[in-house]
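Look for chain A in each of the two complexes below; its partner is chain B in the first and chain C in the second.
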Partner chain A sequence: MALRGDWMYENNGGTCVAIAGIDYCVVAADTRLSVGYNILTRDHSKICSLADKVVLASSGFQGDIRALHKNLAARHLLYQHQHNKQMSCPAMGQLLSNTLYYKRFFPYYAFNVLGGLDNEGKGCVFTYDAVGSYERVGYSTQGSGSSLIMPVLDNQLKSPSPLLLPARDAVTPLSETEAVDLVKDVFASATERDIYTGDKLEIVVINASGIKREYLELRKD
Partner chain B sequence: MLLLLFRLSFLSFFPSLSLSQHFAPTGTKPHQRISVSLNFKQRKQREEKRRMMMKLDTSGLESFSAAVPSAMAAAEDQLFAPPSFDLPAGCADFDKFQMEAKQTLKHAKGTTTLAFIFNQGVIVAADSRASMGGYISSQSVKKIIEINPYMLGTMAGGAADCQFWHRNLGIKCRLHELANKRRISVTGASKLLANILYSYRGMGLSIGTMIAGWDEKGPGLYYVDSEGGRLKGNRFSVGSGSPYAYGVLDNGYRPDMTVDEAHELARRAIYHATFRDGASGGVVSVYHVGPNGWKKLSGDDVSELHYKYYPVQPTPVEHEMVDAPPA
Partner chain C sequence: MGRMTELPTKGGFSFDLCTRNDMLLKNGLQMPPFRKTGTTIVGLVFQDGVVLGADTRATEGPIVADKNCEKIHFMAPNIYCCGAGTAADTEAVTDMVSSQLQLHRYATGRESRVVTALTLLKSHLFSYQGHVSAALVLGGFDVTGPHLHTVYPHGSTDTLPFATMGSGSLAAMSVFESKYREGLTREEGIELVAEAICAGIFNDLGSGSNVDVCVITEGKTEYLRNYQLPNPRTYISSKGYTFVKGQTEVLSTKITSIQPKVEAVEGGDAMEE
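Then we have the complex of A and B:
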C-alpha cells in the first residue's frame, strides 16, 4: 500500500517453509501475489533454484525479491566460472547474508529461507531476517503465515538446541514423504486463517537424485 | 574481492551526504565521483543566482529563465512560487527516510550477555533468544561469537549488525596476524571494532558487544557499542536482562574464585535474567577464556536449570483422589 508518501516498499504477502531431513530438504511456498486486499495473480512462484543443491524461497516485497534472486543467480554464475564447481548450501548461505547486509541502510524487504544439501549430503536450512542475520536450523518458516505455521512445526519437529553441551542429537526423524505431508497439512491450515496465503502450493524437494517439483491446490478464497 | 565490494558499497551508503553538499551555495567541491555532472550544474546555478539573487534553488527551471531574462521582474512571483508539482516523496529529508526504513525492519533486540575477569581468566556467558517485537524468532541464536581461538565477542542489539561486524573483525584480526607475524591484542581488536562503529555513528546500527580474550598482557575485556563507546573493565553485562544479571553477578563476585565457581556464578546470573526478562531465554552458554584460548564450559536449557535450582516440592495432600474401583 503506497499510500504513505515516503514508504517505498509494499508487502505482497505469501508464506515460505523449509524442512531439513537426514538426506533431503523440502522447500515450499504458496503462489498468491497480493497487494492490500487485492489478489494480483494466483500463479506467482516465490521459489528460486540457485544451484543444483540450493533452493531459495522468499516472501515480502516482490520487487526486492526479484532483484535479490537475480543478484544471487549472477553471483553463482561468477562463482562457477571462477571455481569450476557449484556453490554449496553453506557458502550460498553466507553469500545471501552478506548480500542482504550490504543494503543495511535501504534493506531488501525480503524474508528468506534457504534450503539444500550440505557438503555431506545432509539436509540444511538457513533462516534469515531482512538485513542478513542468519542461522542454520532444522526447519523454518517466513512470511505472513509464519506465526501460524511455526508453532505447529515446533510441536512436530522441535529438536534439542545445537547450543546444548553435552551435545544432543538433533536430526529430524521424519522421512521424506512424511515431511512433504506435514508441509501440505501446515499450508492447508495456514490458508484457512491467513488471507495472504492460498491458491496453490509449490513444493520443491532436494535430495541426492536432484530437484523435484510438485504442486497442490489450496483454497482460492 | 570481498573487501572491494565492501568499499563500493560504502559509496552507496553516503548518498545523503553528497546531496546535501550539492545544495550548498558555497564553492565546496563534492568529493564523490558520483557528482561530477553536478559540478557543471552548480556553476550554472551560481551564475543565475548572481544575476537574479534568487533565494530558491530553481535549477529545474534554468532553461526558462535563460530564455526570458527581461520578463524576470514580472515573472518573479511565478519563479519564487513553489514548483507546481510535488517533490518526489522522501526528498525533503533523505536521512529521515533511511532511519525509518531501518527502524521498521529492525530485528532481534532483547538479550542478556555478561562477561567478567577473575584470577583464572575471563568468563563469558549469554542466553540464546532472538525476538522481533513480541514474536520469538529463534531460541537457538549463537550470541557468543568465536572471533579466533583466543578471543570471543558477545552479541546484543541487532543480530545482523553484530554477526556481520564480528565476522569482519575476525577477518581484520587475521589480516593483522599475517601482516605483523603476531596475534592482535584484545586492546587492538576492540579498537578496530570501535573505530568502525564510530564511523557509522548516528546511522542506526545497534550493537552492544563485549570483546573478551587472552593476550600477552593477560586477560582482557572491553565493552564496545554502536554509539562509538569503548570501555575497559572487569565486569560487564549487556542487554535488556542486564540489570537482573548484574544483581546476581555483583553479589557473588570474588576475584579469587575457581573456574567452577565462576562458571556457576555466570550461569546463575543469566538464568535469573531469563527468569525475569521476557526478551531473554533459551539456552545459557558459558565460555572460559584462559591462557590457551577459549573453551565452552556448558550449554543448559533454561527451563531445565529452573527445576534443577528449584526442584518441585511434593506438597502434602489432605484428601487424595483415587480412581473409583471398577464396580
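Then we have the complex of A and C:
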C-alpha cells in the first residue's frame, strides 16, 4: 500500500479502552508509537484532556489524531468563550461526531473512544468509527488490540443490551479500583499477543474530584 | 481406445491450479496468511567454535501466534540451524536435511560436515526458486573446524564470522558491528549473542519474548533453551476470574439418549470360507 504514490495514511498502532462506572470513568491507552515493524517512541500519549469532565483517547494515524485533538480543543475554547461554561461529555460527543463526518470523503484515520461524566455525574463512554458514527455505551475499546480486549470486557462487564426496553443503564456496577484492575489486566494480556501494544499504559480516571493519571509498565518487546 | 499409460509422478510443485487461483483472486477471494516467524536470528564464530542465537516469537500478521517457539533446529549432533521466514518452510527444510545427513552418516561412517548441510540446503532452496521462504543461519563444528553460514530463500549462501537474519537482523547487526572482534571467549560470545538478540527483541516488533542460545564446540554442543527471559508478564489481576454457571447464556437444551446396541448374531460369518 505504501508503494502507491497517493496513500495518505499510516497506522501508528496502539489500543484504547474506556469503562463507565456509576460515578467515575476510566480511560486508558498504551503509549507505544510504531510504524511497520519499528518503534518510533515508547512514551507517546494517545489521551487528550478536552474539558474538566471529558477525555478523548484515539488510536490510528497520529498525524490525523494530533490535528483532530487540536481542532476539538480549539472548538472547546470557543464554546467556553460563548457559553461561559465547560462542555459536557454528551455535547463533546456530538461535536466529535460532527467533526469526523465533516471529513467524510477524506477521513481522519482515527479510532476514538470518548470518556467522561455526563450532566448527572454518571460515567459516560462514547465509541466512534472513523467517519463519526457514534453510540453511548458502558465500555468500549478501539485500536490494534481491540479484538483481543473486547470479548473479555463483554464477559466481565456484562452490560445489558441497548435494544432492551425500558432502557437500562449501561454503566458497570464495579468499583473504581476494580475497574482499574480489570483495565490493567486486560492490557497486560493484549500486550502478550498484539505486537503493536506495549511499553507503558496510561490510565486516566475522571470522577467528581477531577482527573487523575496513573501509569503501568508493560512488556517492551 | 484403451487407457493411456499413466506418466510417472514428477517431484516438486504442481502448478496446475494456478489459473484457478488467479480466477478466485479476481473474484475477491482472500488467501489465508502464512505464519511467518518475523524473527531475529544470529550466529558468531568465537575462539573455540560457534554460538547461535534466536528469539522465540512467532507472528501471524500483527498477532503473536506462539510466545515461546523454538527457532534453533537440530541438523546433526554437531550442527544446528536457526530459521527465519515462513515457519512451515524452515521446519520442513531443516527436518528434511537433518534426515538426509543422518542417512549420509550411516553411509560414510563419519561425523557430518557443515558444508554438506549447506550444499543440501542451498540446492533444495534453489530448485524451488525462492518459493520455499526459508532464511537460515547454519552453524557447526566438524573435523575442518568451526563454520558459520547464512542461506537465503533463493539459494545463495554466505560464509561469515558473524551473521544475522530476519526482521530484527538490522537491530542485531548493529550490536555485532559495534562489539564483535576475533578470538572472543565462550562467555563473551554468549553474552554478545544474547545482547544482539535482545536488541532485536526490544526494537523489532516481529521479534520478542525469550533468548535461545546454542553453543557448538569440538565434541560438545550445548542447547541453552530460554537462556534469558527478559519479558515477564507485568501485571496479573489478583482477583482472578470466576465463571459461574449461567454466565454463558444457554439458548436451548436438547437431550437425546443413546440408542441401545443391537446384539450381533453368533456363528455363521458370511466372510469365512
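Just so we're on the same page, the second predicted complex is superposed on the first by the 214 of 221 C-alpha atoms of A that agree within 3 Å, B and C clash if a C-alpha of one lies under 4 Å from a C-alpha of the other, contacts with A are read in each partner's own complex, and residues count from 1 in each chain.
By our rule, contacts are C-beta pairs under 8 Å (C-beta built on N, C-alpha and C of every residue); 3 or more make two chains touch, one makes a residue touch a chain.
Predicted model only: the values in this text are computed from it and were never measured.
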(request) For A:Y134, decide between first (touching chain B), second (touching chain C), both and neither. (result) first
(message) With both complexes overlaid on chain A, does A:G123 touch chain B (first), chain C (second), both or neither?
(response) neither
(message) In the overlaid three-chain picture, which partner chain does A:M8 touch, first (chain B) or second (chain C), both, or neither?
(response) first
(request) Go through the superposed model and pick first if A:G21 touches only chain B, second if only chain C, both, or neither. (result) neither
(request) Identify the partner contact of A:G93: answer first if only chain B is touched, second if only chain C is, both if each is, neither if none is. (result) neither
(request) Tell me which partner A:G143 touches in the superposition: chain B (first), chain C (second), both or neither. (result) neither
(message) I'd like to know which partner A:E217 touches here: chain B for first, chain C for second, both or neither.
(response) second
(message) Identify the residues of chain A that lie in both the chain B contact region and the chain C contact region.
(response) none
(message) Show me the residue ranges of chain A that touch chain B in the complex, using the header's touch definition.
(response) 5-9, 97-98, 100-102, 104-107, 109, 127, 129-135, 137, 147, 161-165
(request) Show which residues of chain B lie in contact with chain A when the two form their complex. (result) 2, 5-6, 9, 13, 89-90, 96-98, 100-102, 105, 107-108, 128, 130, 132, 135, 137-142, 158-164, 203-205, 282-283, 285, 296-301
(request) Can you check the complex and tell me which residues of chain A touch chain C? (result) 34, 36-39, 144, 148, 155-156, 158, 178, 181-182, 184-185, 187-188, 191-196, 216-221
(message) Per the contact definition, I'd like the list of chain C residues that touch chain A in the complex.
(response) 38, 57, 59, 62-64, 67, 167, 201-209, 230-231, 233-239, 241, 247
